[in-house]
Amino acid sequence: MTDDRDERNLQRAAMALRAPGARDEDALNDVIEALRRETADGDTGEPVASRGGRVERRGRGRRRPLIDRGTIRFVAGLAAGIAFAAGLGLGLFAGWRMRGESYRIAAETTTGRVGPTGVEATSMESTHRPVQFMLVAPAASRVALVGEFNDWDPAATPMARAPGGAWHVALPLANGRHVYAFIVDGTSWVADPQAPLAPEGWFGARNSVLLVSGQNREQRQ
Amino acid sequence: MRTGSTGLGGRSSARRLALAAAMAAATAAPSEIAAQDRRLAARLDSATAEAVTRLADSVRAVGLPSDPLIGVALEGATRRASSERILAAVREYAAALGVARQTLGDSAMSDEIVSAAGVLVAGVAPRVVVDYRSARPAGALTVPFVVLADLIARGIPADTAAGALGAALRSGASDDDLVEFRRRVERDIAAGARPTTAMTIRRRDLPGTPMEGVSPMRPKSPRLRRPFPR
Amino acid sequence: MTQTGGAWYYLPTMTHAAVEPAPDAGLAARAARGDVQAYEQLVRHYHASCLRYASRMLRDDADAEDAVQDTLMRAFLAIARYDDRQPFRAWLFSILVNRCRTLALQRTRRSRRFPHDELALVNATAPELPASGREDAVRTAVDDLEPLLREAFLLKYVEGMEYHEMASALGAGVSALKMRVKRACDALRPRLREIYDD
């Protein structure tokens, strides 16, 4: 069958592409040397900033700038244990406390408690966690939640009104950064008063930002 | 043994973007293009939908997140913005994403890139992104940029806000610290304080001195015994 | 590779970079705490596969070496952010993929090795056995693939990654990647037939 032959050819080609190159070991040694040099005790040679562009790159132990000309280098003074979880925001905009205007709390379905700072994630399983949105607007006749997560479609996520004028809806959201707003009575674009504002103001009134955290290696307190 | 061959040229960013667009156009599968078109085509006129799709493809071709660009276009559609305004927004955002990734470095996460792009769009200099990266080389910068963007949106001048947060970061301020700081500033402003005043007062709660040029203590470095050369 | 009765079989475990999340995660965790030896082990483990990927994407050995060295150093700086729910190789390759993409767009035109170039002459006399004509032809065929297709092909066939791993490394969805791999194979098929026509 020609299909078998073609598949075999692909595998043979893949095998050929895995063949080691003659300089591989030297290249590996260069990297190991560079790593050891950069992490050794004592001053490790001339500051990278004073180098020009690339230097001679043939042969063993070639010295080269850590990062090329034209790219931004990062300073490597590694900071104290900032765990990976910290980067995902820990879901904590403290603006989500109750204040009588609007607030956001974790929906009851999350496994974990509702802390004073709102959403936190102790559930490790799913990639999407339910987030409750709320806006107090007693005079409104309808409120919709819009955001990146629903393609900014005003019809996608209508909110329900609780007695007292608190409109609410819960939505499963993936970890990460989300931008959203409320549309009141089909006409007013309203940001969440207690969430951070999104910086972009291309279309007028600003949106709100929500960070949903992925994990909770460090319990906040 | 591997043989070498000529690399790709490209000196100006316009040419880079054109090259990326050409790459994307040549390699994007028909179904990928069609899928984007559908969401945009339903809400935008075809010329705008096509232009946004091309921009999103070229951004994706260089490994940047393209969903935020589509999101901006859809938001503009919902808000009944003009095509010109939508396109201008998407272009500006695309450029900001590129600068954000360049200043943050190749290991930057999607959320970091997007939140950094946000502050760039808000008028913060790219230098600030570089400084924040230096101040916190191993931790994600998503939260600092979200906080910075919020302060600027509430009326604090970009330089002032960026400088204050930068100093705090260099002194080891954590995401929690920054979140709490933002909350207090926002509450003060809501209670009637002037934004810059609120920030100056609450800044005292953060580590590090508010003055520029004062070298704060280096954050603890348990990992390396020596820092990398600058 | 094994050869049985004239047929060649693909055994991903024989590649340089097998995937085993457990040991890598341990090494990465130690590296994040400052254990440079642990990171070195990761470097030794993944260097070859990074290098062969970069060589095909940048189509230049020297640029590839630089790209890989940069990537491994950047990964070390960023190791605190590695989450071991993702295979280490996918995380590392996501940095490498971006580095190659950035370099491919940024770098100025590099000249081919003109005969007058002394370095080229030096290299020409280095004891590097030329690969068989077939290997060169295969490399050329793969180099001719469009970049996005080439990326997907290399990760799937040469590195033996699963699609979900490739999705993290390349920042694209699984179905899009399957399409790209298919298109790459379609493009390669006639060329490989010529090359391997026995």
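Order of writing sets the labels: A, B and C. Residues in every chain begin at 1.
The criterion applied here is as follows: a contact is a pair of C-beta atoms (placed from the backbone, for glycine too) under 8 Å apart; a residue touches a chain by one contact, two chains touch by 3 or more.
Because the structure is predicted, anything quoted here is derived from the model rather than measured.
Contacts between chains leave no pair untouched here, as each chain touches all the others.
No other pair of chains has as many C-beta pairs in contact as A-B. Computed from the mean C-alpha positions, the centre of chain A lies at a distance of 26 Å from the centre of chain C. Chain B and chain C have centres, each the mean of its CA atoms, that are 29 Å apart.
Measuring from the averaged C-alpha position of chain A to that of chain B gives a distance of 11 Å. Taken residue by residue, chain A touches two or more other chains at 21-22, 38-39, 66, 71, 74, 76, 78, 81-82, 84, 87, whereas all remaining positions touch fewer.
Contacts with at least two other chains are made by residues 52, 55, 61-62, 74, 77, 80-81, 102, 106, 128-129, 131, 139 of chain C.
Of all residues in chain B, those touching 2 or more other chains are 1-2, 102, 105, 109-110, 137-140, 222-225, 228, listed in ascending order. Of all residues in chain A, only 21-22, 38-42, 44-49, 66, 71-72, 74-82, 84, 86-90, 92-95, 97, 117, 146, 148, 151-154, 176-177, 179, 189, 193-194, 196-204, 206-207, 209, 211, 220 touch chain B in the complex they form.
Contact residues on chain B toward chain C in their complex (touch as defined above): 1-11, 16, 19-20, 23-24, 26-29, 31-32, 60-63, 65, 101-102, 105-107, 109-110, 137-140, 222-225, 228.
Of all the residues in chain B, the ones that touch chain A in their complex are 1-2, 39, 67-68, 71-72, 74-79, 81, 85, 88-89, 92-93, 102-105, 109-112, 114-115, 118-119, 121-122, 130, 133-143, 146-147, 149-150, 152-154, 172, 174-176, 179-180, 182-183, 186, 190, 218-230.
Residues 1, 7-10, 15-16, 36, 39-40, 43-44, 47-48, 51-52, 55-56, 61-62, 65-66, 68-70, 72-74, 76-77, 80-83, 102, 106, 119, 122-123, 126-129, 131, 134-135, 138-139, 141-142, 154, 157-158, 185, 188-189, 192-193, 195-196 of chain C touch chain A in their complex. On the side of chain A, the complex with chain C involves touching residues 5-6, 8-24, 27-28, 30-32, 34-36, 38-39, 54, 57-58, 64, 66-68, 70-71, 74, 76, 78, 81-84, 87, 214-215.
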